[in-house]
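What follows is chain A paired twice: with chain B in the first complex and chain C in the second.
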Partner chain A sequence: MQTVQRSPLLPRLLRVRPGGLAPIIALLAVLLILVAVRQSDFFAPPSLMSFLGRSAPIILLAAGQYFVIVSGEFDLSVGALVTAQVVVAARLIDSEPARTWPVVVLLLGFGALVGLVNGVITTRLRVPSFITTLGMLLILLGAVYLWSDGAPKGGLSDEFRRFGRWAFEDVPVLGRVPYALIVLLAFAALAVLVARSDFGRTLIAVGDNPRTAELSGVRVWRHRSIAFVLSGVAAAVAAILIGGYSGVSFQAGAGLEFGAITAVVLGGVALGGGRGSVVGAMLGALTLELLFALMNFYGVSGALRSTVQGAIILLAVAVSAPRSSSR
Partner chain B sequence: MRRTIAALAAVTLLGLAGCATDEPAAGPSGSASAAGSGTGEQSKFFVQADYEAELALLDATATGPADRPWEQVLNPKMVDTAKFKKAGPYKLCFSNAALNNPWRQVGFKTMQAEVEAQGSRIKEFVHVDAEGKDQKQIADINDLLGKGCDALIVSPNTTATLTPAVAAACQSGLPVIVFDRGVDTPCPVTFINPIGGYGFGHVGAEFVSQRMKPGGKLLALRILPGVDVLETRWSAAKVAFDKAKVDVVGVEFTDGDPAKTKKIVNDYIQRHGTIDGVWMDAGAVAVAAVEAFQDAGKPVPPINGEDQLDFLKLWKDKGLTAIAPTYPTYQWRTPIIAALRVLDGQPVSNPWKLPQPTITQENLDSYLDLDMPPLHYAMCGCTDLPGYPQRWK
Partner chain C sequence: MSALAFRPTRWAVPGVFVALALTLAIGWLVVLIDGGQLFNQSTTVSLLHVAAGLGLVAVGQTLVILGGSLDLSVAYVVSLSTLLAAETMNGSDAALLPAIGLALTVSAAVGLFNGLLVTRLRINAFIATLGVGLLLKGYLDNGYDGPAGATSPTLVQTLGYQRIGPVPLSFLLLVAVAGVVWLALARTRFGHHLVAVGGDPEVARLSGVRNDRVLVTAHVLCSLCAGLAGIYLASRLGSGAPRVGSEGLYDLESIAAVVIGGTALAGGRGGVLGTVGGVLLLASIDAIFNQLEVDAFFKQVIRGVIIIAAVAVYARRALRKGAA
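On to the complex of A and B.
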């Protein structure tokens, strides 16, 4: 009822196409202004670069999560996957520099495999993805706990850690450009290419109305499975950056799945699928990290972060609710 | 259009968050500058008499062999154990709270090696891991009572909940030896532990507050609230900081997570420009804290860690101004030694207070063994045990 009253009130100018970028860009701009008012030296190249570098993993996870959510599913397993990957990497590398690259390749393969399993179970066995990936979360955490006897073993080599920790020094103007930022830009470009390809457009159609897509000859299960694989690979890359940033720990990926989902809905991607853009999802992640940075500058306890994430998810669902009821 | 609503809603949310921030921001920083310290209220776990007793123990001289601190005792109070005397070899049983962190892993390996070293006198060693669950440990202790053990060693998961189970074990006539965390009953033959949390917290806090520049900003990093062994560390540090009039700009909980630690430290460096000292209640994330300064291109301020080798190595390599109070893992050897003495009918000290050495710049080299893995604890007292070093790798 409210929507009926609301829609005519909105000026035509503010109308944007569904899943458009205008709201998230506006929000990002507001946050940037607030940060500039409170802590202008945040925009000095060194601190800005370090902020972008440490935001890289969550932005990558948001990009991966975008493909899954826009196709109408969820991936709750990415946080546990990151933890598992970091612990596995530490044990396999065991501080041996020579093992770095083989393990990196292995992690990417492992991420893709976990995504594939999630996808196939969801689409072929018709288990709701919420349950599939929740199960995967528990399986991964349990397995890694069992395998490592409850405490991480081994260590990551400096060669492995450089991806998440090192930077190109003495770059003109920018000063110090973290490797993580370069990795992020490369994968972000790749994600945009995938999203704009036929596959990416079909994926949105699948999320919007799987039945129509099926009837028009799209293999829905295949598209959705590939979306899960993309999310798994994104988690692998994020794990490499996070392991590099902070070293091995059992908490490496804790809570990242909710961060990624929050970022995606903040970026204007509809929960339930069919609407949104990968750039929006990534900007959503950046906005979320900026919001946390702002909260830090204002001295707000870090404990409030999960509350804010929860509020964003609830608001996003509430805002997109009229659409479902009008169907 | 719906996007616009979403944007509006999000901006509203931001506004709300902004409102909510005003008060806390004014609170801690305001009071911090007023009182010259942001340490807050004293912990509910703080007991002045215990605090003073522990600080006195730091200067006490231990009796026993100097090169075997796990056999040493501070202020011994011997108790008679003649009634437990019996002929060997013995079956020793151990109910373990958990193996869920590197400290306990190193400790347990040390204990197993000690059992092996005493091989001729121990015919069987039974170990049950409670996996960090009180209920499981209560059941474990109950089960062990029916297994024909000659002595029972308990490392309780929590103090209050495990007390009745330990009391029941005492009543069965077994000699019971408790170590690490205690229980609220005097019935065990002896309770073995190092000096304790007040000593640990005090040593680190005193070092950091003396080495940092006067009036400098200190960040305190804690693992989590409400655990007695960690609360005592913090409460002793708080007393030291208040006395030294250090400006404690933050007391944060890291959950023992290096990524979170690094972000927190990074946040504080950004918020305050510089941090002049870091205190931590446990060393597990000390390396992450140091890395946060390195990655931000800032000098690493005076800091305390623990005896984990990754921190000791970083300290040596980067020439940090650091100190490492310890909660030595060699205490896992002592219960086996104590059990055998009790079964021999020899008197043992109750409580059995072990010395708690501190690693400083002067003795750093003697503890730094580059061949051991990064999460190994230097104070394991295990170099003379069978299977060293392979067992601990």
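On to the complex of A and C.
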């Protein structure tokens, strides 16, 4: 599949290293300048902190999605998984504070289990992950609607909701630091550590050329399955934050899978695997969120948002995508 | 992705028809025990109507998937086409042909745009067509709150509701379109080139195939099929519906139908016959569950399981063939 192509001199000079961080940082900088021009008080600690807190779930999902995509697969089920988690949490907790921690543990386990099922079906049964996770999406949404007869039941305890909605007050300089931001920083650090570990590097090799990796003694199926588990756990954490921040609804996770995949691609990770960094993926998510904030500031009507989003994605990917990513 | 998967296939009867026959037999029996009748006039008609709408989209989707591409924008093309057709007709028969022409032209233009993004700018098809879908979604969300326009009465009476025995005209349209696409794949240079490009783009290019031109054509044809599905839906609904495509999940369902029909998602292997089988299978499951009055959400769970199971079976068979 891989062929060495000699490229003309000019594009070679202009081209940035594929999978590098330069394009996403440039895009982020442009958006930051546009925000600064329009709404300079956005950078005051209180609004900046709450923006970062709000962006935490999609950044976490992008980090989880990174591991799956860099290994050469897709995870379309994360949006449905978030919805399922939020609805399940509400029903199980049923506004009882004492049940908070067991349910949190249960959700993390549930996320890991869904990821494991995705991974094993994809790798052992050789079903393309697009289909596996599409099927999982239908199963999760159908099951969760079925289980709750079409309307979410129960409620989240305040204990549960504090992760997504409370903040440390009166922090020097920063003012109000949302719990979500702390959770984000902790998991982001963890994601970077995992990506830099032996496992993370091997995963990139698996995505780049599974056959070579296999022949070099890597258990490809095991690595890919673990990547799916990581994505499932990330979805669980994101669900806990989203449930806390915006409450229980069947729309809680709608469209998040496409958001996360977009963010990862914006961050310079090649669909098809083998190239990219988890930091890029998370910056991609941050860029996407900043884009939405910017559209708010410029008064773009809610309905037109997807048009602007689509245009930006196409532009950014066309300009920065590595030239070999077309299938 | 493995090299084992790329083997030339003959036009054998795809396994999906075995699954379809089994499903119908078991479904008929279960519905009978339940005290109903699966093959009465009204169920058959509604089954074929469901199959016609999804089928038109899925036949087009087959072409791009065979070429190793993908189209996630079809759902929005369907909605856009219902609106263009219904608003141009505006309830009269006079503008029937211009309306159909306009809807198909715009659809083809979207396909051309998709194709150029994928080939010229080398954007991954998943992202390119997702982006184009978002562009269209924004236009639809911004311009329309609900149904708009009115379909010409003649079109409603013919394409929408006319049938020959239990077979709706729209299903015959699907059969005709699928037949044309089958011929194009089996007998024309374009068809052979498309399969070659999907199988291995590099080898195809070195053999003198103009990959870009073939893929752009496939994308245009795919969007045309989605546009045709939109015109059919407009004739069923009597007006343009800005969300009929996305709420009907035509993007993901059409891809599911294609792969259930035995076409490899990676491209280069499969055919349109299997896709029609996949569409009929999905529509039959719908019909059986409707007869049994099974919960709609349970239906969705079963649908997810079937999609995964079907593809797992194909993957096993491909593996065995490769090993043999």
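To be clear about the criterion, the second predicted complex is superposed on the first by the 287 of 327 C-alpha atoms of A that agree within 3 Å, B and C clash if a C-alpha of one lies under 4 Å from a C-alpha of the other, contacts with A are read in each partner's own complex, and residues count from 1 in each chain.
Basically, a residue touches a chain if its C-beta (ideal position, glycine included) is under 8 Å from a C-beta of that chain, and two chains touch if they have at least 3 such contacts.
Note that the structure is a prediction, hence the values are computed from the model and not measured.
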Touching partner for A:Ser301 - first (chain B), second (chain C), both, neither: both
Partner chain in contact with A:Gln309 - chain B first, chain C second, else both or neither: second
First (chain B), second (chain C), both or neither touched by A:Pro128: second
Touched partner set for A:Ser50, first chain B, second chain C, both or neither: first
Which of chain B and chain C A:Gly272 touches, first, second, both or neither: second
Which superposed partner A:Leu291 touches (first chain B, second chain C, both, neither): first
Partner chain(s) touched by A:Leu138 [first = chain B, second = chain C, both, neither]: second
Touched partner set for A:Lys153, first chain B, second chain C, both or neither: first
Overlap of chain C and chain B interfaces on chain A (superposed complexes): 150, 301-302, 304, 308, 311, 318, 323
Contact set on chain A toward chain B in their complex: 6-7, 10, 14-16, 18-20, 22-24, 26-27, 30-31, 34, 39, 42, 46-47, 50, 54, 95, 149-155, 165, 176, 242, 245-249, 251-252, 254, 266, 268, 291, 293, 295-302, 304, 308, 311-312, 315-316, 318-320, 322-323
Residue numbers on chain A that touch chain C, as the complex places them: 1, 3, 72, 74, 121, 125-128, 130-132, 134-139, 141-143, 145-146, 150, 210-211, 258, 261-262, 265, 271-272, 301-311, 313-314, 317-318, 321, 323-327
Parts of chain B lying in touch with chain A, wherever the complex brings them together: 1-7, 9-11, 13-14, 17-18, 20-22, 24-25, 28-29, 98-102, 104-105, 131, 252, 255-264, 266-267, 270-271, 287-288, 291, 295-297, 310, 373-375
Residues of chain C touching chain A in the complex: 1-2, 68-69, 117-119, 121-128, 130-135, 137-139, 141-142, 201-202, 252, 255-256, 259, 265-267, 295, 297-305, 307-308, 311-312, 315-316, 318-319
